[in-house]
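Below are the C-alpha cells for one structure; questions will follow.
As written, the chain order gives the labels A, B, C and D, with residue 1 at the start of each chain.
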Amino acid sequence: MYFGSDNQSGASDAVFAALAQANQGISAAYGDDEWTQQAVRAIQTTFDSPAEVFFVSTGTAANALALACMSSPWQIILCHAQAHILNDELTAPEFFTGGARMIGLDAGREKLSLETLSQYLSQGSAHPPHNAEPAVLSLTQVTESGQVYSIEELAALCAVAHQHGLTVHMDGARFANAVAGLNCHPAAISWQAGVDVLSLGATKNGALSAEAIVFFNRPLAANLVPLRKRSGHLVSKGRWLGAQFSAWLNDGHWLELAAHANRMATLLEQGMAACPASQVIWPVAANEVFAILPSPVIEQLRAQGAVFYQWPRHFVPSHFNLSEHDEVVRLVTSFRTSEADVTTFLGHLNAAERG
Amino acid sequence: MYFGSDNQSGASDAVFAALAQANQGISAAYGDDEWTQQAVRAIQTTFDSPAEVFFVSTGTAANALALACMSSPWQIILCHAQAHILNDELTAPEFFTGGARMIGLDAGREKLSLETLSQYLSQGSAHPPHNAEPAVLSLTQVTESGQVYSIEELAALCAVAHQHGLTVHMDGARFANAVAGLNCHPAAISWQAGVDVLSLGATKNGALSAEAIVFFNRPLAANLVPLRKRSGHLVSKGRWLGAQFSAWLNDGHWLELAAHANRMATLLEQGMAACPASQVIWPVAANEVFAILPSPVIEQLRAQGAVFYQWPRHFVPSHFNLSEHDEVVRLVTSFRTSEADVTTFLGHLNAAERG
Amino acid sequence: MYFGSDNQSGASDAVFAALAQANQGISAAYGDDEWTQQAVRAIQTTFDSPAEVFFVSTGTAANALALACMSSPWQIILCHAQAHILNDELTAPEFFTGGARMIGLDAGREKLSLETLSQYLSQGSAHPPHNAEPAVLSLTQVTESGQVYSIEELAALCAVAHQHGLTVHMDGARFANAVAGLNCHPAAISWQAGVDVLSLGATKNGALSAEAIVFFNRPLAANLVPLRKRSGHLVSKGRWLGAQFSAWLNDGHWLELAAHANRMATLLEQGMAACPASQVIWPVAANEVFAILPSPVIEQLRAQGAVFYQWPRHFVPSHFNLSEHDEVVRLVTSFRTSEADVTTFLGHLNAAERG
Amino acid sequence: MYFGSDNQSGASDAVFAALAQANQGISAAYGDDEWTQQAVRAIQTTFDSPAEVFFVSTGTAANALALACMSSPWQIILCHAQAHILNDELTAPEFFTGGARMIGLDAGREKLSLETLSQYLSQGSAHPPHNAEPAVLSLTQVTESGQVYSIEELAALCAVAHQHGLTVHMDGARFANAVAGLNCHPAAISWQAGVDVLSLGATKNGALSAEAIVFFNRPLAANLVPLRKRSGHLVSKGRWLGAQFSAWLNDGHWLELAAHANRMATLLEQGMAACPASQVIWPVAANEVFAILPSPVIEQLRAQGAVFYQWPRHFVPSHFNLSEHDEVVRLVTSFRTSEADVTTFLGHLNAAERG
C-alpha cells in the first residue's frame, strides 16, 4: 500500500525495455545520438509543435533551467503559494537564475486564481530600478493539491500574464495525469493556452529519471545549452534519456500509465468519501487524494503498512475547521498502484477506530 | 517645500566640516586610518557595546552585506511585506547572499505583528532538504510606514525569532529618528532587545553617504571583510566614511538632527489633521507623514512646488475605503526642513480646491 | 572502431542487470532506499574508509559539488592547466562555488609538477583582503593526457598543499583505470596519499550514469546536502544510482572493466609505435593513447569508420616539433573495445598513405 | 614621504570646493540631479563621444560592473597576469558576472603583448558547450607596473580582440596619468583605439571617491542600471559623485594633477637611477617607480618615515637576477607629492648603508 509518491515506482516495462535496447553498442555522447533526436521528434509530434526540446535527469533541474532562461537575476517569478518550485526545490530557482525572486500567491486556495494574478500585476508600485518586476508566471499542472486547471483557466491566466509582459512556464511533473484527467490534446493545455515553456516530467509516471524542457517559445531557449552544461545537467550518455522518452510517448503509453493512476485515485476517493472517518478535501482530478483523518486512524493505517505523507495543515481551506485530533494526508497513486492496494487500504480505513 | 525623501538633503554643517578636516594630508587607505578607528569607537560608545563595526557608502550595501553574513544561500530571510530590502533594493539581498529567499509577511499591516511571525515560524512544513528554512528575521526601524516598534514589541519579536533559531537584523536607515521618537537609549532598541546586526544609516539624517554595519553578535561578522571587498564596497579613502560618522555621533548631533526632523513631521501631521481635504493614515512616530488626498489637491500642491511621493494604494489599511479620486502621499522631513516649509505647505493645502 | 570516448559505451551487462532488478517494485525516494545504502557501504569497504558518500548523475556535478564544499566564493582552486574542470565543464566550478577562481598550472607538462605547485604556493603575494588565496588543489587521476600520478607523486603534491592550508580534491572520472594501471589499493592513491575528497566516476567505465562524491575528510561534506538539492542533483529514484554502483564495485567488476580497457590501449600503443606514420606522445598508463598523425592519414582512418578526437596542438610538448601537416589525436578505449577493433584500426593505419 | 599609493591623498582643493557647493540645499536623489547630468556632459565633451556614463564610488565596482555588462557567466575575461582586476579585487569580477572566468596572460612581462594575445585567441581548442570562450579583453592603462600602452599598441590589441569577437574593457584607475604621460587626446587611447568600455578613475588623482563607467559602445550598457542597483552601488545623494567629476574635469584640472604626479615620479626615478644602491626596473611612464633595493636600505628608509609597498619578486623580469638580499619596492606619487618629499627621500636613500 504505497501511496507516498509516484516517484517511488520504477520504470514501466516498456520504458525499461527501451533502455535495455539503447544500452547496446556505442553511440555519440552528449545528446548527439539517434535516441535523443528521436525523442525530440516524438515530443514535437505529440505536441504538434516545432518546439525546442532538451532533456535532463530531474524535475528540479528542468524547472530551474527553464526559469533561468526566462528571467534576469533582478526579476520576479510568480507562482502559486503551494508550488513545488517554491516549497520543494530548496532554492534551486534562485540558484539557477542568479538570484531572481520567487513570490507565491493565493496561499489560501488550491489553485492560482485569475483575480489574484490580475490584482497583483496591476497594483502598480513600480519605481525602477528600485523594485523588482515580475517577468515569469509559473503554473503547475497538476497542482500541488492534485487539482487541474481547465483549458479556459489556463488561457485566461496566460493572457493576463502576457498582457503584462510576462512569459509563462508550466511545471508539468504530472502533466500526463492532467492530459489524462481532462482527456484533451496535450497542446490544448500547453502552447495553445499560452504556455511558453513546459517542464514535461516522465519520472513520476513511468520513467526511471527523464524530464524534458520544451520551449514552445523558441527564442527563450537561447541560453539553455550553456546553462545546462555549467549546472552539470548535460549527461554524457544521452541516449538513456532519449530512449526513455521515446518509449514513454510511443503509441499513447504515457497516457495509459497516467489514466491508470488517475483511476486508482478515483477509486480511493470514492472509498474514502464513503467512510465516516475520512473527509476528502478537494475532488480528485488526477492521481492524488487529499483527506482529513483523525490521528489515531493514521497511526493504525501506518501500522498496517500503508505509506503516505502528512500535509501541512495551513494548506487546508479554512472552512474545514481542522480539530486538534485531525491531520491532513496526501495519497498518491501511480502506474504501479493496483486495485488490490486500494481495496486493502480502504478495508483498513473502514476498520480503523476513530479514537 | 521638499518632502520627497530625507535623502534629498546634503550633509549637516558639522558633518561637512569634519569631512573638510579629514581631507587634509595623507593617510592610510582601506580603513587603516585614524578616522575610521575613531568612528568605530564612537559607535561602540554610543551603543555601549563591544560591537564589530564596518562602514560602507550605501544603505543597500549595508543591508545586503549584513544579510549575506547571516544566511546561507539556501535559507529564508523574513521581513515585513513593505520592507525596503524587499521593495526598494531590487534583488540585492538575493545577489549578496547567493540566492537566499526573501519572504514578506503582514502585507496588510504597518508593522510586523508577533502573531504573524509566531504563526509562520510554527507552521511546521519542514521536510529537509526539499524546503528552505528561515534563518534571519529583518526588522525595519523606523518602518516603511513611518511607524516605530516599541522596545517591548522588538523584544517579543526577537525572542520568538531566536527561539526558532533565527538571528535578527535591523534595517536602521532611520534608526536615529526612532531613537529620537522613543527618547530611549540606542541599545534599548538594538542589542538589548535582541537585535544581532544593525544597519545604522547616517545618510538620510545628515551625512553625505555613510552607513555602518554593527555586529552586536560578533561571530556573525566572520565573512564581512571578503564579502565587502568582492562586492566593491571597501572604499580606498576610508577616512571620509569615518569622519562623517564621528562627527555625526559627536555630542548628540545625530539625535538633534533627527529630533528636528521628527518635530517638523509632527507639525505637518497636526496641520493636515486639521484640514478637511486630507486624512492622515498612521499617527506620526518619526519623520514621515502618510495621508490620503484627493487627486486635484495633489496636483495643486505640486503646481505650487511641493515635492513628495505617491505611495502604493494597496499598502493602505482596508478600512480607509479609498475612493477613485483619492491618492496616497508620503511626506518626509529632514534636518533641513524648516518650519517655514511646513507652514507654506499647509497654507497651500488649506487653500486647495477639493475638486 | 570507436575510440572517441569511454563515455560512448553503455553499461556493462552486470551493471545493467542490477538496474533491471532494482527497477522492480516500489521503494523510498531521494536516496532513502536500500540500494543507495548498499552502495555507500560498498564504497566504504572498497576504500577501507568510513567516508561520507553521495551520488549524482554526472561527473561535472560531482566535481563542482565537491569543489563548492571545499572553497569559499572568494578563494582559488588550483589545478593542472589541462584539467577537465578547467577546460571541459564550461564554468561549472565557478557556478557551484559562487564565483571561486580557477587557476591552471603547468600548461606545458602532462602532469602537475611538485616544483610548480611549491613555487606557486610560496610566492607570497598575499595582501588580504585584496587578493584571492588558494583553498583547494584539484588533481586528476587519470590525467587529461592519459597519465597516472604515482603514489609518491600524489603524496608529495598533497603534502605541499596541506602544508599551505589547502585541501585536496581528486577528479577520478577514470579512477578505476588508474587503480588498474598502478595495480594498487584504491586507498593508496586517494586518502592514504592525502586526498580529502574524491569524485569517483563509474559512467566512463561501465555504468549508464553514476558518479559518487567520496568525502574521506568528512567535515567537508557539511553543505553537500543542500548544495546537491538546490543544483537539481538529488534524483528522486535514487535506487538506480545505488544499484549501478553496487554492481560495479561488486567482486572486482570495476577493475576488470578498467583492466580490459587499459589492455586495449596498450595494444593500440604497441601497434602505433611500430607504424612509421604515427608517433605516440606519452607512454600509455591507462586507457588513452595520444599520437601525432599526418592529416591525410587521419582522413583515411575516418573514411574507414574510425572515430576519435583531435586534440589541441598546444598541449603537445614543444620538443615534438609538430609540422603543419601533422595533427594530434586522442584514442580512448573502454570495456567494450575489442581486440578486433584494435586490429582493424591498426590495419587501416598501416595501410594509410602518408600523403 | 608618502609613496604608498595615490589613494592615500584626499581630494584636491578644487574638487573639495565643488563638494562644498553641491552640499547646499536639497536636490533629487539617485542621480536625477543637475550635478550628475553636468558630469555626464563633461565626460562626453572631454572624450568627444556620446558615451553612456554612470558613476560609482569605487574602482572595484566600476571594473566589475563594466565586466558584468560585457560577459555572460559562462565566458572568459582575458587580462594581463598582473592586472588589478585579477590580483587586487578579490573575486569581484566573478561575483558581479555570476561566475565568468578570469585568465591572466603574460606573467613574465610588464604589459600584455600582441603576440601572446594573438596566440591565445587562435589556439582553437573550442568544443562548445564544454569549454568556456573568451568574451572580453581587459587592458589596464596605466598598467600595474606603471607602464603605458602606446596608441599603436592599444589599437593593435583591440583590433585582434575585435577580430575574435571580444569587446575591450579598459581599467583606467590611472587613466589621467596615462593621458598626461602620452600627452595625447583622451579619445586616442580609449574609443579611437578600440576600447568599448572605460573605467575612468578620479579617486587616485584628486577626488575623494568617484569613478565613472564610460560606455563608448553604448548597447553594452543595457544591464548597467539593474546591476548597479542590486550591487548596492546606486548612491542616493548622487550629486556628490557628479560634483567631484565636474570639478575634476573642469578646465584641464585632472591633467594638471596627473602631470604633477608624473613629474614627481620622474624626479624620483632620476635620483634613484643615479644612486648605486637602487636599480630602477622599468622606465617611468606615469606616476610609479619600481626599483630593486637591498633590504637594509629599505629598513633605513622606513625608519626615516618613508612609506611605500614591497612588490612581489616574481613580477620582476628574470634578467634582473634578484639576490636574496634584494627586495622590490613600488613608489607612487600623487598630486600632493611635493618636490621636498622627493628630495628628502633621495637624501635618505643616498645616505643609506647598503649593509
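In the analysis below, a residue touches a chain if its C-beta (ideal position, glycine included) is under 8 Å from a C-beta of that chain, and two chains touch if they have at least 3 such contacts.
What you see is a predicted model; the values in this text were computed from it and never measured.
More C-beta pairs in contact connect the chains of C-D than those of the other pair, out of C-D and B-C. Residue-numbered contact pairs of A-B overlap by over half with those of C-D, the repeat interface among B-D, C-D or A-C. Set against the Cα centre of chain A, the chain with the most distant centre is D. Separating the centre of chain B from that of chain D, both taken as means of CA atoms, is a distance of 35 Å. Centre to centre, using the average C-alpha position, chain B and chain C are separated by 52 Å.
With centres taken as mean Cα positions, chain D sits 41 Å from chain C. Residue numbers of chain D whose C-beta contacts span two or more other chains: 73-74, 89-91, 94-95, 98-99, 129-130, 226, 229-230, 234.
The part of chain C that touches chain B in the complex is made up of residues 72-74, 98-99, 128-130, 223, 225-230, 234.
Per the touch definition, chain B reaches chain D in the complex via residues 2, 4-5, 7-11, 16, 19-20, 22-29, 56-62, 64-65, 89-92, 94-96, 203-204, 208-209, 226, 229-237, 239-240, 334, 336. Residues 73-75, 87-91, 94-95, 97-102, 123-125, 127, 129-132, 312-314 of chain C are the ones touching chain D in the complex.
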